[in-house]
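After this come two complexes, each holding chain A, first together with chain B and then together with chain C.
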Partner chain A sequence: MKLGDRLIVVLLAVSGLMLTASPYVIDTAPYEATMGLVQRIFYYHFPMAMTMMLSAIVCGAASAWFLFRRSERADHIAVAAAEMAVVFGVLTLITGPLWARKSWGVWWVWDARITSTFIMWLVFGSYLLLRRFGGAGSEVLAAAVGFFGMVLVPFIYYSVNLWKTLHPSNSVVPSLPTSMGIPLYYCWAAFTLLFVALMSVRIRLERSRGWLERAYRAVED
Partner chain B sequence: MTRSWIRRWATRALLLLALVPAVVQAQPAQVDEFRTLSPDEIAAGQEQIPAARLVFAAYGIVWLTFAIYLFSLWRRVSQVEAELRTVATTLEKTGR
Partner chain C sequence: MGVLKAAWWIARKDLAVEIRSRELIYTAMFFAVACLLIFAFAFVEGRTTIRNAPAGILWITIVFSGTLALGRTFERERQAETLRALLMTPVERPAIYLGKLLSLLILLGSIQVVVVPLVGLLFGAPILRAPFMLMGLLALGTTGFATVGTLFAAMLTRTSSRDVLLPVVLYPMSLPALVGGMQGTLWIFAAEPNYELVQTWLAMLVFFDAVFLTLALWTFAPVMGE
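Up next is the complex of A and B:
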């Protein structure tokens, strides 16, 4: 087994172990006063939302790199990150309503942060559909879509400060008591490691597909 | 006739607009920080929302999604690598 493969296995194992232990770590956190038990969804919801935004930034930056340099490596990173944005995004959009159902009494509200997150998820979903069904040359158009997806990140982050919204504000995490902060940062670290491991596997898949395409061309010639 | 009709509807529209701030204010307040619940408050039964099912559903969905995604990734990688091996064998046989 190559060193890179070994590293991926280690990353997957560590993140898997950390996530297995996460309910026990979260259990050490005290109950939040107004929301009670349901607030514990936050320890998964927030890290996944942050990872989704990280994926969007990685995809956008790699797309920009691809648009300027036409680098195959950048294209592989962009595709992998777009898929991560969709996976982490769908989980953010599922765990959020489960939390909202008890906290706000509704599954969904069309407020600025939730709506803009949903739009970003649709943008990266479109990116993947474009790559899957767009045919030859779709990678350039998809790169432009990925770049605009990244532009949505600051908009989503500051939306709670700019508009009146039900969503908890950005001041929640910095003001967390240590007893709530430790489980949050633990889960965030676990999901970030998982993101790195999945990205590595996904990039490797894209690279292998590139080799396969070139090998088929060589057979045809 | 037309003027009085316009005036009447304009008055109604203004009254409706005046209700908007009241409706907006009726919404729950935005949360700026999380406050921990003291053991006394827990004992007094202030955690009135039985939310266990939602928490389990959230964690369960996350775990299940990652399990399915990992399986799908593993399958795609295996398929591509198997195809690569086949093509490599073909290329070797043809001496390219």
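Up next is the complex of A and C:
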């Protein structure tokens, strides 16, 4: 086993163990009076959203790198990160409404943050759709989506925020609690490690796929 | 040849093709009218249109018919095998992009000349309340939408499922421009119009358009690469 492979196994094991232990760590946090047990979703929800953001940034940067430099490695990183962005995005968008239902009484609120997260998820979803159904050469096009998507995120957030603040709204959306305890940072670390581990596995897979394809082509020629 | 001059020639070529066939203008316009018909069933209660609906009706119709036109202009190039020739012309890539964008904007503008009065007529939208502001919103919003649209329609020309993928990619990406256009129009059409907010949205649209155009010009060359 090569050093890199061993590192992947270690990363997977550590993040797996940390996540297994996370309910116990979360249990040490004080019980929130109004939200009750549901409040504990936050310890997963927030790190997941952060991991999604991280994936989006990684995908965008790697896409730009691939677009302007045509580095195969960058393409592997971009596709892996886009998948992470979509997966963690789904998790964020599932855990969010669970929280919202208890906190605001509705499953979904068109609040600036939620709306822009949803749009961002759509952008990286379209990245994957493009790669999957675009046919030959779609990786360059997908890279443009990834790069464009990443750069646009602040503008999307800004425009949605402006839409919200300039729009008459009678639903008072309370701001999310800012007190972040040890469990939150613990979970955040665990999810970031999981992200790194899954990324390594996925990049490795993509690299092997590239090798296999080249080998096929060599045989055919 | 300067970039702008080359762009103008490409736009002229596209417009000449369109004027001869009138394919896009007819189909996109009919599609827009068909959209308006569907909206009538969704947003008209009894005899009056639901409050604040016309702005949305107008923009969704523009976006839908715009998507149709976007896909088709490049599809035409692909079918006639002229995209390769276009890319091989000894002009800079940004000129090709700008030329395509310009011809699309003229096309989308002429569709709006029909759609906007129709929305006013059929849904009772006060389109003459602040005509210059409305024109500004339409021009800037459409520019933002077409700026992103031209880039992605051009690059999708070479993919297999381009018709499906264009709206999937385009709608989330062009959202800031659409939000601006829609919200600005909403404040013109509102029972109590707020022109200060319209001006804010107009300024925002100028800003978004500049960002979109810079990004699109930057990515067009590497995307259309080989």
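The criterion applied here is as follows: the second predicted complex is superposed on the first by the 190 of 221 C-alpha atoms of A that agree within 3 Å, B and C clash if a C-alpha of one lies under 4 Å from a C-alpha of the other, contacts with A are read in each partner's own complex, and residues count from 1 in each chain.
Here is the rule we use: a contact is a pair of C-beta atoms (placed from the backbone, for glycine too) under 8 Å apart; a residue touches a chain by one contact, two chains touch by 3 or more.
Worth saying up front: this structure is predicted, and the values here are computed from it rather than measured.
> State whether A:Y216 touches chain B only (first), chain C only (second), both chains, or neither.
A:Y216: touches chain B, not chain C.
> Return first, second, both or neither, reflecting whether A:F195 touches chain B, chain C, both chains, or no partner chain.
A:F195 contacts neither chain B nor chain C.
> Under the stated touch criterion, which partner chain does A:Y186 make contact with: chain B (first), chain C (second), both, or neither?
After superposing on A, A:Y186 lies clear of both chain B and chain C.
> Just to be sure I read the superposition right, which of the two partners does A:L162 touch: chain B = first, chain C = second, or both, or neither?
second
> Kindly classify A:T34 by the partners it touches after superposition: chain B alone (first), chain C alone (second), both, or neither?
first
> Once the two complexes are aligned on chain A, which partner has more residues of chain A within touching range, chain B or chain C?
B
> For A:L130, using the defined touch cut-off, is the partner it touches chain B, chain C, both, or neither? Pick first, second, both or neither.
In the superposed model, A:L130 contacts chain C only, not chain B.
> Taking the two structures together, which residues of chain A meet both chain B and chain C?
160, 166-167
> Which residues of chain B touch chain A in the complex?
Where chain B meets chain A, its residues are 24, 27-28, 30-37, 41-42, 46-52, 54-55, 57-59, 61-63, 65-66, 69-70, 73, 76-77, 80-81, 83-84, 87-88, 90-91, 94, 96.
> Quick check on the complex: what are the chain A residues that touch chain B?
Against chain B, chain A makes touches at 12, 19, 23, 30-41, 44-45, 48, 87, 90-91, 94-95, 98-99, 101-102, 104, 160, 164-169, 171-172, 175-177, 179-180, 194, 198, 201-202, 204-205, 208-209, 211-212, 215-216, 218-219.
> Please output the residues of chain A touching chain C within their complex, sorted ascending.
Within the complex, chain A contacts chain C at residues 67-68, 119, 122-123, 126, 129-130, 133-135, 137-138, 140-141, 143-145, 147-149, 151-152, 155-156, 158-160, 162-163, 166-167.
> Under the stated contact criterion, what part of chain C meets chain A in this complex?
Residues of chain C touching chain A: 148, 151-152, 155-156, 158-161, 164-165, 168-169, 171-173, 175-176, 179-180, 183, 197, 200-201, 204, 208, 211, 215, 219, 222-223, 225.
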